[in-house]
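Presented sequentially are two complexes of subunit A, the first with subunit B as partner and the second with subunit C.
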Partner chain A sequence: MDYTLDLGAVTRNLGPLFDGLAVTLQLTVAANIIGITAGFGLALLVLSRFALLRLPAMLFVEFFRCTPAIVQIVWFFYCVPMLFNVFLDPITMGVLALGLNLTAFNAEAYRASIQAVPREHLDAGIALGLTPAQRVLNIVLPQAMRASVPVLLTNGIGTFQQSALVAIVGVADLMYQGKTLATQTYRPIETFTIIALFYLAVSFPVSQLVGWLERRRGLAAR
Partner chain B sequence: MELDFSILLKFADALALGLWTTLKLTVLCVAMGTALGFLIGLARASENALIRIPASAFVEFFRGTPVLIQLFWIFFCLPLVLGVELSNLASATIALTLYMGAITSETFRASLRAVGREQMDACVALGLPRSVQILHVILPQAVLRAVPTLLSNCISLFKESALVSAVGMADLMFVGQNISNNTARPIEVLTAVACIYFIIAFPLTRLVTRIEGRMLRKLAA
Partner chain C sequence: MTAIPQDAALVRITDLHKGYGAHIKVLRGLNIEMKPGERVVVIGPSGGGKSTLLRVVMGLEEIQQGSVTFAGKPYISAEGSKTRIDTEQRKKIGMVFQHYTLFPHLTVLQNLTLAPRKVHGVSRSAAEDRGRAILARFGLDAKADAYPSQLSGGQKQRVAIARALMLDPQLMLFDEVTSALDPELVAEVEAVILQLASQGMPMMMVTHDMWFARNVASRVIFCAGGVVVEDGPPEQVLGNPKEERTREFIDRVFHIKG
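Moving on to the complex of A and B:
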């Protein structure tokens, strides 16, 4: 190939890339805070006895799980301001869009682990005269939380990767900065390879951690 | 603000064409990606480190980076590296096939592992050659166990295929965005696009749940 690699084009411009990484991490952390908390509430709604609570919650979960994330993000950025007449800054919009998506996926993870809490534990709670709120907070939540940690982490890292999609609607995250740099310097190979490595450097340790947690749980269950 | 969904009727043909591209791309990449994933899954279970390590690195790389970057890399960098022009369809197919290969290889690896060690020992005891071991004993069981997860992988790929719109391929998402920009009616058009994706993916997820339930009962029996 008649293309000489020149990493200098990228290493001279690391500043914007690090700014982009900071935005990406900010989006990821904020969306995860929404997803981990709201996901649990949504899971409780999905498991509710009342159809009026259960059906809308299920629809929410299925809708987010069955449509492409890029469609959700583009929809959110174009339609929310028009429908509700609210104009938020792009990062907040990105956090909300990614956070809602993650809420749906985490709700599924929580649902599975809430259903795995043994029925006897709840009966014991009733026998001890705990209120429903106490039963949820002290019996269901701690166990469900523990059981869903690996899936929550996997989903969290998924959101980290999905966050690259906000570049399409113009949020200055790592992907956006990389795209800009590639265009400015005419160095797509170097730039895209290096941003890919940036993403890998964050998600690889987390996925290894998930693997380790799962292996440990496998040993404990035996 | 007034919503006018009748506008969609005017663009029904364009949307159908976009959907056709999306489906074509998905089916093509599912077929090739699953085959690739099976080979990589075998390679990762290999005893030879020279085969195992590159296969693992490939999988970690494709699972650890956003699909959007993979697409951009293949669209903009691969033609430079190879020195040949690639059509939109070719680049998108390569990118999504490699991604599908990476995610299905994990599925196959998990199901290969689920086939009990005793079965291998039984093969050795019966003096079966290696090819018979793989083709007639391990493979059928592994594939059977992998089916529900593989279907989930297909649904994921169907959704991820919307990303090709970002590099200018005229799939459903791209057509939808174009129409929404030209008519300045994003709410109607984008909602319709989301619903089309939903209508296809949702029944498939139900199917996965049913097959999974049936499979669990069968394996338990």
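Moving on to the complex of A and C:
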């Protein structure tokens, strides 16, 4: 193949790529705020004794876990305006679609962490005279929160990567700007390689942090 | 200890029935009267209901029938399908478990002070002073600021005992507290329990260590099939049991132990 690399075609046009990165980071941060907070509430519903609360919550989780993210995003962008007559700007729609998806996955992380607190610790809490609320606040939640941090970070960085899917519905994120640039410059190899490096540059430190946290936890659990 | 008339029972268990689900019956009409100052060791085959008995006395289990009184007052009773547990009475009882139950996110001292501060409203500094004093008594003063993950199994169990003592229990329950330990760590935990015994702490314990049972017990109860089979001083139950089932069990245990 006779192809000469010309990185200049991309480096001369970094402006739009950084604009796209800013949008991608906005989507990621906002979706994570939704996912980290609503995910916790959803986990409590999933763990509820009352079927009326538990079953809808489980259905919500399974819907997002068992359908492709791209289908969720496309469905959200096309069906929500038609069904509910709600028209929001694309970034808000993207945040909601990604945020709800992350909510479901984070709820699972919280649920697993809460259930991983050994039963014996709760028995010890009863033996020490702690009330049910004190047992939850002082024994269950501190342990569950710590245990869930690595998974929440992994899910969060997953959402950062999945956010590239919103490009297909016209949100001007990093992926969208990259596609546009590649088309304009006829330089897909250079453009998409650099786009990949952008994603890598953000994800890699976080995944390293997760690895470090898990090693530290592994040591503490001995 | 509080002023309980010497003739009154510290714990009176009457016709206790406890099962799991519809088919598994663990305790089938168990009666025990424990006097103040007694150190009761419960022995018996696994599945005989020993640990369940301790868990019931700690107020951790629902019961199907019967009642438990503590210090002469009602504590646990089965009323229809519900179990009534007086949580104020429950606070007078401490328990140490077979599995490590120190809270891993708290230091040793924080483990000790959590309940006094939250349950009894003791100030942090008062609770910490008390905690350090108890740790010193058990030779653990250097570990006050360590996390449970930094302790050996024996140290964890000693801290768990110290944690229970912070609440001035009138009865201590020990449920196979040395079973999960490496053999060389058993002695340090048993020494702490013997120290408490010598100070007159009433206790009820389950152990498979017959030598320790003989050392610590003022009374041994052989429990099998969910009822008390034999009940008496350690010399009798462990040394010269009256009941055939007790004798078979003791023979087997000492034979295995060599």
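We take it that the second predicted complex is superposed on the first by the 198 of 222 C-alpha atoms of A that agree within 3 Å, B and C clash if a C-alpha of one lies under 4 Å from a C-alpha of the other, contacts with A are read in each partner's own complex, and residues count from 1 in each chain.
By definition in this document, a residue touches a chain if its C-beta (ideal position, glycine included) is under 8 Å from a C-beta of that chain, and two chains touch if they have at least 3 such contacts.
These numbers were taken from a predicted model, which means no experiment stands behind them.
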Original post:
When the two structures are overlaid on chain A, which partner does A:I195 contact: first (subunit B), second (subunit C), both, or neither?
Top reply: first
**OP:** Answer with first, second, both or neither: which of subunit B and subunit C does A:I168 touch in the superposed model?
**Re:** first
Original post:
Touching A:S203, do we find subunit B (first), subunit C (second), both, or neither?
Top reply: first
Original post:
Can A:V71 be said to touch subunit B (first), subunit C (second), both, or neither?
Top reply: first
Original post:
By residue count, is subunit A touched more by subunit B or by subunit C?
Top reply: B
Subject >> Which of subunit B and subunit C A:F63 touches, first, second, both or neither >> reply: first
Original post:
Should A:D123 be classified as contacting the first partner (subunit B), the second (subunit C), both, or neither?
Top reply: second
Original post:
Is A:C79 touching the first partner subunit B, the second partner subunit C, both, or neither of them?
Top reply: first
Subject >> First, second, both or neither for A:L88, with subunit B first and subunit C second >> reply: neither
Original post:
Between subunit B (first) and subunit C (second), which, if any, makes contact with A:N138: first, second, both or neither?
Top reply: second
**OP:** In the complex, go through subunit A and note every residue touching subunit B.
**Re:** 1-3, 62-63, 65-72, 74-75, 78-79, 82-83, 161-165, 167-168, 175, 178-179, 182, 188-189, 192-193, 195-196, 199-200, 203-204, 207
Original post:
Which residues, counting only subunit B, touch subunit A once they are in their complex?
Top reply: 1, 60-61, 63-70, 72-73, 76-77, 80-83, 155, 159-163, 165-166, 173, 176-177, 180, 186-187, 190-191, 193-194, 197-198, 201-202, 205
Subject >> Of all residues in subunit A, those that touch subunit C in their complex >> reply: 118, 120-121, 123-124, 126-130, 134, 138-139, 142-143, 146, 219-222
Subject >> subunit C - residues contacting subunit A, complex >> reply: 55, 58-60, 87, 90-91, 93-95, 97, 99-101, 103-106, 114-115, 118-120, 147, 149, 160, 163-164, 167
